[in-house]
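Consider the two complexes below, in which chain A is the common component and chain B and chain C are the respective partners.
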Partner chain A sequence: MSTEMYKPGSYPNLPPPPGTVGFYGWIKSNLFSSISNSLLTIISVVLVYYLIDGIIGWFFFDAVFDADSKIECRKIDNGACWAVITRRVGQFVYGFYPEAERWRIDISFLTMFIAFAPLLYPDLPKRKWLLWFSGIYPFFAFVLINGGFFGLAKIEYSLFGGFMLTVILGVTGIVCSLPIGILLALGRQSKLTVVRTLSVCFIEFMRGVPLITLLFVASSMLNYFMPPGTNFSILVRVIIMFTFFSAAYIAEVIRGGIQAIPKGQYEAADALGMNYWQTTRFITLPQALKISIPGIMNTFIGLYKDTTLVVVIGLLDPLGIGRAALADTKWNGLSTETYLFVALFFFVSCFAMSRYSLWLENKLNTEHK
Partner chain B sequence: MIFFSNIWRNEKSREIIVQIFVLLCIGWFLSWLISNVDANFKALGKDISFEFLFIPAGYDINQYLIDYNNRDSHLRAGIVGLLNTGLVAVFGIILATVLGISLGIIRLSKNWLASKIAYWYIEFTRNVPILLHILLWHGIIINTLPHPRKALNLGDVTFLSNRGFYIPKPLTENGIELVYLFFVIALIFSVLFFKYAKKKQDLTGVQYPVFWINFTVLISLPLIAFFISGMPISLEIPALKGFNFRGGMHMSPELAALTFALGIYTAAFIAEIVRAGILAVDKGQREAAEAIGLKSSKVMKLVILPQARRVIIPPLTSQYLNLTKNSSLAIAIGYMDLVATLGGISLNQTGREMETMVIVMLIYLSVSLSISAFMNWYNNKVKLVGR
Partner chain C sequence: MATNKTKSSKPVIEIKEMHKWFGTFHVLKNISLGVNQGERIVICGPSGSGKSTLIRCINRLEVHQKGDIIVNDVELTGDLKNLETIRSDVGMVFQSFNLFPHLSVLENCTLAPIWVKGLPKKEANELAMELLTRVKIPEQALKFPGQLSGGQQQRVAIARSLCMQPKIMLFDEPTSALDPEMIKEVLDTMIELAETGMTMLVVTHEMGFAKKVADSVIFMDEGEIIEQNDPKNFFNNPKNERTKLFLSQILNH
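Right after this comes the complex of A and B.
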């Protein structure tokens, strides 16, 4: 300790005490601040070590990436047998879409990003022009994927499968359910008793039953409710169910947002002489939607994950393709590899969506920090 | 014309007109649906009747909590399925709650490494569909666990194999009544003591170690009775006989996979709920509690948790509800729950899609609605009272 005396105002800038900043300081305050904390750190390190030791080896170093069957895999090495994936990667991505036509899927998938960019990033340059493309994209993608126009061969829906099916179901469901969800939320808050009751009944029914029962209804019963002789594709029926199901959840999220708006906002709108639709368009929805972004994104992610349920009614999403692969005697018993691969796909896409939602939330946050 | 235009400009009458119009549209739509069903059923020669519920089901269910064989009715098969749904929901909820709360607390820990591990665990788990979790666990159990003959042996009492888990089964003998009796006495005592201690603290400020006293009483009284009456509980240990285990309690691979998957998946959501709930308590509350000299355990128990609970309980209940609804995915691995029995095999055998699906949906709907009614009641009860 220094005992020097300084004149007032001439005290020198001393460095911070050793051990509170820098690498050691960080370690001390974040990993070893107390006895229990140090114990926790040691347990975590051991856990991580075993995880890495066991899993990384199985995943990469001992894994077999190409072989003809499970037995051959086991002859080469004792890690994961990724051959079950690499031999069928085309099916996992495109289902049974004809190989010669797969470029159509590739193009629609890549252009999807161009179509979504102006919607997702409000600051994009030339946004107005790109929005035109977003507007025509659904028709463009439908023509390209479905075919039947401009000399493109018509592809049967039963050939759709793999990750492509997941993306089609997920994106269509997400895009269609948002407007319906907004209408339902407005309906639930409406002054008109009839409209309110109907909205409440619809929302509570959809939220009260498991999605799988709705899919059963779509696959086995929906045709009874249509005029005799109508027969529309199972894919469309499933998309309708997904849309309604997730619209009900979105409606509840947005209702929460609407209820969080201070009453003064409505009074101000009334004072300006705005009518119901003007208030909704310029006052209610912009604020309500902003508040409910995290909830809406969560519902979207939920819908995207729920698309896997279609495997139960026999559509060939990645899980269905995986189960078909496992039913093959050559690959029998490689369920861990197959399901982990599909899980990785879902993790990447859902994690990206949740990151985007965080980014948007921060961007639109106008509160004082 | 002016008359009509006036009606349209009057808010009250306009609302009535709009509502009548909506009602007419909906009525027309419903009648259109019903007439379609009618026409379709006539064409197929079907009718709507619930008599199928009372004819023998004719299929086996591998796990039942109440007696069941394939000569019992579809109704009983449905009840067995419903009980199985309840069973897996209870197991899953217990696992999810314990795991979720621990993860939520670890996530908030000051330890950087532990918090990061919890974070990545949560992100990995909740970004993967629940169906995938179920299939993955089922696959792990039936493909990577050994045959019963080489089952993983945990202390000679519990065995893990690809035919399921075998755990000891408690058997009760004569004299067990005394243990039950003592347990009830201990329970009554602890409730009374709790009330007494609270009253005493309110009046005088003296605090008793209520938790430890009650805990000791609740454990020791039944234990004493257990030894007095000559140890009337014995464990039936599973033993390998031939190709499989006999005795003990058997947890099928399906039930185990479903419990793990539902528990682990829901735990990730519960962890986030717990974390958000604790973070939602104003920082000043903790600082104030520390400033008046409360120990850190008391700060948590008396200040943070009571306030966090208000934020945590409603979403927690809806996670429990989600877990129960997600258990309907059991059908993918062949666990016989309500959807798999009544909505699956019964539907296929009798061809009565309409009736079975209506019953299944109504059951789930009534469970959901009663739980949300409870949630509303609870929310009102714990709502901050503005003064």
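Right after this comes the complex of A and C.
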């Protein structure tokens, strides 16, 4: 009955018809829009209920958290036998790092968040002071974890393992590969033939070779290329390989971002009298990196998960530790629990990275604020 | 409008028998042009006639292959140092604004003064606010370009160029990408700028603007300057056939 008459130009803003917006409107249009749709909704809810019921039971209610062996687990309950994890949690986290020195890892890990905070959150209060800490953190962490200075006992790299090894390899690789990737991307776009050729060769070689090959090279062959007498540890060699490998990928992702910048941006910068480095620093990179965030994060997450490949050259990453646990006759056959636990660790880390990148993308989106 | 042609003796821009090719295509043919201090020149012509390319040669966004271009007594060559001097003396406004979308309006205006001219941040901010006030959008200073209308963006672009305190301003079809209702605000800004005595070279199809502020109008076709005259004679009594045809096409619709 809305046949009311309004003078031209005086038609009021009316509310939308009832049941089309809000919670009720959403339910109606998404879950119960037709008879078949309503049936599907009900069937799905029932299915999901049974699935979750079983899964949660196996994970928590029927699970055993402490026992001496698998046989003992089964005697207590028929769910997951998490005892394999709880009994060996120290190894999963620290590898064979001496128990008395593990506080050094704890401190390095916790302070890592303080070091990263000002880099990841540009609006942090007192950011300038915290950045100083970020600058010295690599040395601080190296001294603490490696030892050999200030009366701290030197710890052999062969004792490193578990999640700690993953974090060391992953974080170092990520932090080092971004600047190298940026330089390679700029190098590939350079007008200087030598720089461009070197960048292209490096990128194409690193991308064209499987990572596992590079790791074998790192573990066996790299020492042949070094001057005799230099003996830098397998861990450093592996980190170098991870860094180079993902730097090549990141370079290509960033190159895509650089090419997406309209030509007019460079013309405007040129017309204002800015030189190459000023343009790169203030115009090209901020925009290219913003566009490349999803791709860069993709590469980072890939690198982080690829750290498990070090198991093939004898380093004890979480999977290696898991295998060792499964080889123990007491825990034989608990691979589901072991691998789920390792998977959970990786999922949590990678999901956090992914959420951060989404947050950053939103924050940097200046188009429609 | 009054002309100041007699005022200055030495041209600030001098182009002598300049040629330019894109590959084998001869875009600019034997261009000679002198622009005096404070002179306002409007360049018009059909699309593809080389008018944008011509003004882009003046700050070497395009490189000419033959002839000389002298700006403020400095000759345009491959020498980077000369180029930087010229570019900080010559402002340019583009058809598509080319604002930096990741920087606020204020940062757009202060970036080059701070890093190219070495102006302290505080002074650069004050100067930018003064010029944003002059183009009548000081209240948008902290917004991002993507939040502004086309006309506002173009006025920011003008303010950004003026922040470098240039001696010459180049306008490359500044109103062609704008909605009709926004063209006027940009033209008004340009008219005000002309009144301050700025040397201006404007590529545009806005003949009203040409009639109102130009000291001299140039008609270009197929890479050549066909005709140059003061606006009164140019519009009322064009000499060349092609000029007549062009004017009849753009004025009678």
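Methods note: the second predicted complex is superposed on the first by the 328 of 369 C-alpha atoms of A that agree within 3 Å, B and C clash if a C-alpha of one lies under 4 Å from a C-alpha of the other, contacts with A are read in each partner's own complex, and residues count from 1 in each chain.
FYI, a residue touches a chain if its C-beta (ideal position, glycine included) is under 8 Å from a C-beta of that chain, and two chains touch if they have at least 3 such contacts.
In this text, all values refer to a predicted model and were calculated from it rather than measured experimentally.
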In the superposed arrangement, which partner chain does A:16 touch: chain B (first), chain C (second), both, or neither?
neither
Pick one for A:287: touches chain B only (first), chain C only (second), both, or neither.
second
Which holds for A:272: it touches chain B only (first), chain C only (second), both, or neither?
second
Going by the contact rule set out at the top, does A:8 touch chain B (first), chain C (second), both, or neither?
neither
Quick one: classify A:335 as touching chain B (first), chain C (second), both or neither.
first
Please tell me which partner, chain B or chain C, touches more residues of chain A.
B
A:125 in the overlay: touching chain B, chain C, both, or neither? Say first, second, both or neither.
neither
Between chain B (first) and chain C (second), which does A:151 come into contact with in this model arrangement: first, second, both, or neither?
neither
Kindly classify A:366 by the partners it touches after superposition: chain B alone (first), chain C alone (second), both, or neither?
second
Using the superposition on chain A as set up above, list the residues of chain A that contact both chain B and chain C.
none
So in the complex, the part of chain A that touches chain B is made up of which residues?
30-31, 33, 37, 40-41, 43-45, 47-48, 191-195, 198, 204-205, 207-213, 216-217, 220-221, 223-228, 301, 305-309, 311-312, 319, 323, 333-336, 338-340, 342-343, 346-347, 350-351, 354
Spell out the part of chain B that touches chain A in their complex, as residue ranges.
15, 18-19, 22-23, 26, 33, 36-37, 39-41, 43, 109-114, 117, 123-124, 127-132, 135-136, 138-140, 143-144, 325-326, 328-329, 331-332, 339, 343, 347, 353-354, 357, 360-361, 364-365, 368-369, 372
So in the complex, the part of chain C that touches chain A is made up of which residues?
59, 61, 80, 84, 87-88, 90-92, 94, 96, 98-103, 111-112, 115-116, 144-147, 160-161, 164
Chain A to chain C touching residues, read off their complex:
262, 264-265, 267-268, 270-275, 278, 282-283, 286-287, 290, 364, 366-369
